[in-house]
Amino acid sequence: MASGSFPVQADPTDPEAELEGSSTPRPAVGADAASLVARYVQVRDFTRQLAAPLSAEDCVVQSMPDASPTKWHLAHVTWFFETFVLKPQAQRGFDYRVFDPDFEYLFNSYYNSVGAQYPRGQRGLITRPDLATVLAYREHVDQALARLIEGEPVGQAVELAGLIELGLQHEQQHQELLLMDIKHALFQSPKLSAYAAQREPSGVALRSAAPSAALAYIDFGGGLASVGHDRRGFCFDNERPRHQVHLADFRLANRLVTNAEYLEFVAAGGYSEPLHWLSDGWARVQSAGWRAPSYWLQRDGAWFEYTLGGLVALDPAAPVCHVSYFEAEAFASWAGARLPTEFEWERAAEVSAQRGQADVAAGNFVESGRLHPGAAPLAAGPQQLFGDCWEWTSSSYAPYPGFRAAPGALGEYNGKFMVSQQVLRGGACVTSASHFRSSYRNFFYPHQRWMFSGIRLAR
Amino acid sequence: MASGSFPVQADPTDPEAELEGSSTPRPAVGADAASLVARYVQVRDFTRQLAAPLSAEDCVVQSMPDASPTKWHLAHVTWFFETFVLKPQAQRGFDYRVFDPDFEYLFNSYYNSVGAQYPRGQRGLITRPDLATVLAYREHVDQALARLIEGEPVGQAVELAGLIELGLQHEQQHQELLLMDIKHALFQSPKLSAYAAQREPSGVALRSAAPSAALAYIDFGGGLASVGHDRRGFCFDNERPRHQVHLADFRLANRLVTNAEYLEFVAAGGYSEPLHWLSDGWARVQSAGWRAPSYWLQRDGAWFEYTLGGLVALDPAAPVCHVSYFEAEAFASWAGARLPTEFEWERAAEVSAQRGQADVAAGNFVESGRLHPGAAPLAAGPQQLFGDCWEWTSSSYAPYPGFRAAPGALGEYNGKFMVSQQVLRGGACVTSASHFRSSYRNFFYPHQRWMFSGIRLAR
Amino acid sequence: MASGSFPVQADPTDPEAELEGSSTPRPAVGADAASLVARYVQVRDFTRQLAAPLSAEDCVVQSMPDASPTKWHLAHVTWFFETFVLKPQAQRGFDYRVFDPDFEYLFNSYYNSVGAQYPRGQRGLITRPDLATVLAYREHVDQALARLIEGEPVGQAVELAGLIELGLQHEQQHQELLLMDIKHALFQSPKLSAYAAQREPSGVALRSAAPSAALAYIDFGGGLASVGHDRRGFCFDNERPRHQVHLADFRLANRLVTNAEYLEFVAAGGYSEPLHWLSDGWARVQSAGWRAPSYWLQRDGAWFEYTLGGLVALDPAAPVCHVSYFEAEAFASWAGARLPTEFEWERAAEVSAQRGQADVAAGNFVESGRLHPGAAPLAAGPQQLFGDCWEWTSSSYAPYPGFRAAPGALGEYNGKFMVSQQVLRGGACVTSASHFRSSYRNFFYPHQRWMFSGIRLAR
Amino acid sequence: MASGSFPVQADPTDPEAELEGSSTPRPAVGADAASLVARYVQVRDFTRQLAAPLSAEDCVVQSMPDASPTKWHLAHVTWFFETFVLKPQAQRGFDYRVFDPDFEYLFNSYYNSVGAQYPRGQRGLITRPDLATVLAYREHVDQALARLIEGEPVGQAVELAGLIELGLQHEQQHQELLLMDIKHALFQSPKLSAYAAQREPSGVALRSAAPSAALAYIDFGGGLASVGHDRRGFCFDNERPRHQVHLADFRLANRLVTNAEYLEFVAAGGYSEPLHWLSDGWARVQSAGWRAPSYWLQRDGAWFEYTLGGLVALDPAAPVCHVSYFEAEAFASWAGARLPTEFEWERAAEVSAQRGQADVAAGNFVESGRLHPGAAPLAAGPQQLFGDCWEWTSSSYAPYPGFRAAPGALGEYNGKFMVSQQVLRGGACVTSASHFRSSYRNFFYPHQRWMFSGIRLAR
């Protein structure tokens, strides 16, 4: 995600496939044309809805090299279907006319196998094609996809269905990136206005109704544990193969670190004391002038936070969000705790789900419409595991034992980012619930913080 | 102009004012309300016309720190009237409501006396206010100005008329910047489309009908010469005071250097041979990878040039344009010639005008609608002195003897840029003829080349 | 090591200490004064011997921010003893006079607990104190240490002995850094002369007598394995606690990748094809202009390698050295293999040692005097596991489960580097054998390559 | 001088040569072999004396790209004689063996005609050849030069004498650079020790005995004035041709601005108020964090200044030194004055010399041994015109009308620096009196301040 579009892959070559009783990858939806079309329409429409509150001006700017313009996201995810579904089908005889040959270069993110790419840092300079043309491009591709799916006995075309599902999962990742990026862009205009007019800070939607639960630690037993995706439904290749790890006993916090708790760290001079920080982290604090999480502003002594609903008073009970790995690690160190490994997190999530104490469907995901993390419920068991904020882990992003990249362009995606980044788990309030599973691995560089990233402590 | 808006000033404190029989600065137009309103409307409308072919997306982007978005230009020139005319009048009782208090910060270019400024390099991130709001801002200020001028016995308010004229001259400078900047921005989109649909390369408007005149040198006698503005009509403070300089005899080329001539330099390895270049110039050639003037592209061996009318074949007879001082100086050195001083240029222009061989009104200025330099006519006397391309001089931008900056914010403008830049003379095809005079001094850093800058040789 | 001096610690708070039947850390040597003095003298003398072939000029320069001058190394390791041994003893009554109070600031590497530090990137500008003064500083501290050890019933001062051992291990790390850094510095002078006159390329010491063994893979069984230091003798805190990991079956190459093999990658266009590279790696190849490992030079078509013995023809049978993680990973990917994890490496080393197929004492370490890796012997079992080149692993540098930093300044060292770096194993031809053990973890950033780093493949 | 060695040239092609009754350039000394040898020995010895107090370590470091190591200066000036005198003579049969062929690359400063150059910013990394070898190089060249001069009937070899004189003038420029550069280098070591032991701050040599004269302005009449060198003795090509300029009446301060006066500017918040500064100057104040002239330090509220004699209390009566053009211009603006043009300065110097009020021989030049500017005498007429500090002028460094660069490598030197720099006049306490004349033009970039640069006001 750090690079703008996830490395994704349906993993058709998995060596364990036969052992698991299935010789083909499975799309997330049933393999009939109607349901595939329905899911396609739903996902594609949702992207358009996300862009709807924005003006053409909002959609063109790029506020930093890590972010991309909304218009670029709208086009790139469409390019993905054109490049990896429609063009190969056209070579086999499907009637498809490329919308604009220049788009192959313009909207390729990083696929060297496909060809050269327009410079990433200059995506905000593409005023032509304009937004209307890009929306027409979407329409053009959508109509072709519909024709393709309906004309095809998909029961005999599982691979095609898998590719389409991959394109949809890819688009869901870009929906989250779109929200992250537009939040960053709107933050540059001094107006600090809300992403959507109807989302003006209401004091209701974003504020917690009650204080969050007290911080407590939940015990989890160690030993050999299986981690990674079990091949029930879709996953990316970086979640595979499922394999065993050995864990010591561990304890995990019952909820995310709150703004109130993080504020104590700030007030205690956390950003002035090198001893709390990783060496690279302290260098970053100084070079970037960090004094608080991203989007925090202090005015007349009071702290505010910029949200997609506009500027609001900092909610003490809500989870701290938009912190870098360096900040998460420094906070944990200051608090006498540590961050969990990605496997501790996954183990705890699976155990809690089995115990009925954690449920993806109940998480604060993008479907809730809040677009901001909220306070933890006063309930037993681990809270906020799913949704709200991505949780930094102490695990670096690395291939699982036996990982192999797929051949061809689609294999270019995941392996090539497996260095110098940290894994985050759990999804966020801007992630689709239908896109999430507990084996999901997100990854960012330790200094990045424009994603919705928070902290869960471990011991 | 290098900094995005010229230092400008009506020079009310000129020590020679009394000697010249006038105790007040004079606006360029007659001091009656009707003509002032007419000129105001004309200049302001022209800005809007320049922006009209552009989409809101085109208007928001900033393609480099030296350039500004069209929307920013539209707002900043309006801010100038609000800040230096309307707000002071409101303090004296004129009924004026500030359109938006945030604009003082957002659209201040570099006036430290007025207050802090939104970071220059981030002007392209201001999506809100949107273009429609900025156009409403223009309307709001225009109505107030109209009320002010009509309600005011301007015959008794020469100072006010001078300030308004200053604002209009300022806006004309930004009209040129707008065209320079949008050309640079559109060049970033791979489509290389024309600025305006009706300006698609026609092969007629931009191509020369005939070869240019042969290069020849015209003799001008030396001795003591008076240079600087003579106070007939408007001028900026950097053109004053008029004073004497001693010139040796000199010779000036009869026209600008053509693309064909410059191409010889390129073909002869001009960009590979350090001996032709100033030391700083050679360093820039290497760090920036220059191989030709800005906007030149080579495709399949043939040279093309991006113009505001789109990509066209390089016209051998047209003047070379968009060269840096370093390139102009290197070319002159390679050609066994030199660049003129700004006073040689001014002397030649005045002498030629007296001889009837040069006429501002006949120049290729923005009023011609060509927006690109054209080939020199086959005529006697110096050609292309006015319009077509700004002409680099070997003079650094420095104060004239006795120059004094005005008190207050308006005095902040000119003096503070008087180091490390070179003077250019003569106006260009994107300059207003009504804004130009032969004492006009433009200035840019020696490495800059996105303005319409060309070369005239001297000996 | 990447930061110039290892985070090091005797691990006195290890939770397993009691289980292992010892309540105190143990120095590597016997706890009698005579043997401690002997080891102290041996290590300190060796540092001086390493500096002996160098002129005062050689000793002062710093060729890049990652490297330090020889003089700085000579002083910093002395400062370590003064700061962590002599000053605390002086507070308890030991008669010690600080050599120069300014040195606390000047030769502190990164210990924020101790105080501010002279800027790292400017170490090469310290001409005063000069080399003679720094050598006098060493003498001053050595005499005080000798007095301290002899006057102290060390049997009752195990902690002191542990600190001194820590200082010696620290100095051994800097011996390796000194050789890495001076190699880099001497490479900047066009003479490409040898580190020491007597080390001029002889064609004997550095060239292999015979071709290296054919590449083969050795099988190792998976399952639960114990990794980390077992507390027999000295270790750094990052090797602790010993703990269990689960490994799948794996295969490890019988020797390091040779120059001949790497040359095939170069000749096959390895540095021109993005598909072989990690995304960050490809970006580095382009920004740094890499075309081959560090210290390789091509002259008239033939490849040469700069060594501490001067410039020599590239030895096809010797291991490729001075490659970054990016290059190691790209090579492995191109070769259809992968890099081992640090635990696979450690497991293989322990198993091989038990089988009598690997022996630290037989490795090409600094004691051999060759200062360059050599070809692998034609023998059964894994070759070159110990010495020759540090071996990149696919493991990021992270704390072991249960790792805790020590309190105080000495705890500042290890944990704070545990992000964004990769672990290397095995030691190199510039490492002391007496400093090495199979649980040893070295670490560098993935782009660094001035250390003696090589490649061992796994599957 | 800004680039490390002046563009220099004996101007043999001067078009006015015949008019002035001489067809050949003239060396500064009489054209007999004995006196030429004597001068050669004197200048070359003085360079060695300047390096004598320094250790080999002091001589190798380069503290910033603008500065060069002492060892490099020692070698480069020798290279100049080898390249431009001995090698051409060897081609004509003179018996000369090149000392080391690698030096052509290593010690070439910027002569593209001669060949490629070792990267300027890495001169501090050349530890080999060492200092002793470079001193042997000097000896080798000196002996050859002596043989050459004595064996040659110099009366018939005026051109050769001119070239040797050029080499000596070049070496005198580098003597000044050597002192500037070593001052900068020693300032990086926290000891802030004196350049030479015998120069430890004595409180006598560097402190003024009395307050400086009160600031007053001296009137000079305007009109046509001749400026530039009159061909009596040696000059560089940038001082030619002598030509006429028109000056208005002007007033020049009777002495340099003192530390006390500059301190008022500092205390008045001069470095915090953008309105005093040129736009580029203010940007530099902020990016570089300037708060006072270079080498000023504040300790416990009191101001100190680092000098070649070590750290001393700031002398209120001595001239402010080590200021950039930006600071000089801002100070003048704050003081309600301005800087003189280079022609005003030259005119005032010539008039004052004619009046017997200014005398190069009485100036505080390097021959005084003080190596620091001193307070102005209480005397009539302009003080400190010659020596003490180079005086910033408002003139940019540009060619005089009719300037032509010489053909060949020696013509590469002067013209290519004529952009973006400002002229300084008057010489400094580290300049040789025998090297100075009132037409002398020094030049630096407006942000530079490690040279001995001060301020004289004008009106």
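By letter and in written order, the chains are A, B, C and D; residue numbering begins at 1 in each of them.
Quick note on the criterion: contacts are C-beta pairs under 8 Å (C-beta built on N, C-alpha and C of every residue); 3 or more make two chains touch, one makes a residue touch a chain.
Remember, it's a predicted structure, so these values are computed and weren't measured experimentally.
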Given chain C and chain D, the chains that contact each of them: none
Most distant chain from chain D by Cα centroid: A
Between chain B and chain D, centroid-to-centroid distance (C-alpha), Å: 39
Whole-Å gap separating chain A and chain B, where each centre is the average of the chain's CA atoms: 48
Chain centre separation (chain B, chain C; CA means) in Å: 61
Touching pairs - complete list by chain label: A-B, A-C, B-D, C-D
Interface residues, chain B side, partner chain A - complex: 55-61, 63, 71, 102, 105-106, 118, 122, 124-131, 185-186, 188-191, 193
Contact footprint of chain A on chain C as seen in their complex: 3, 110, 112-113, 224, 243-246, 248, 274-275, 277-282, 325-326, 329, 394-396, 398-399, 401-402, 412, 415-420, 422, 446
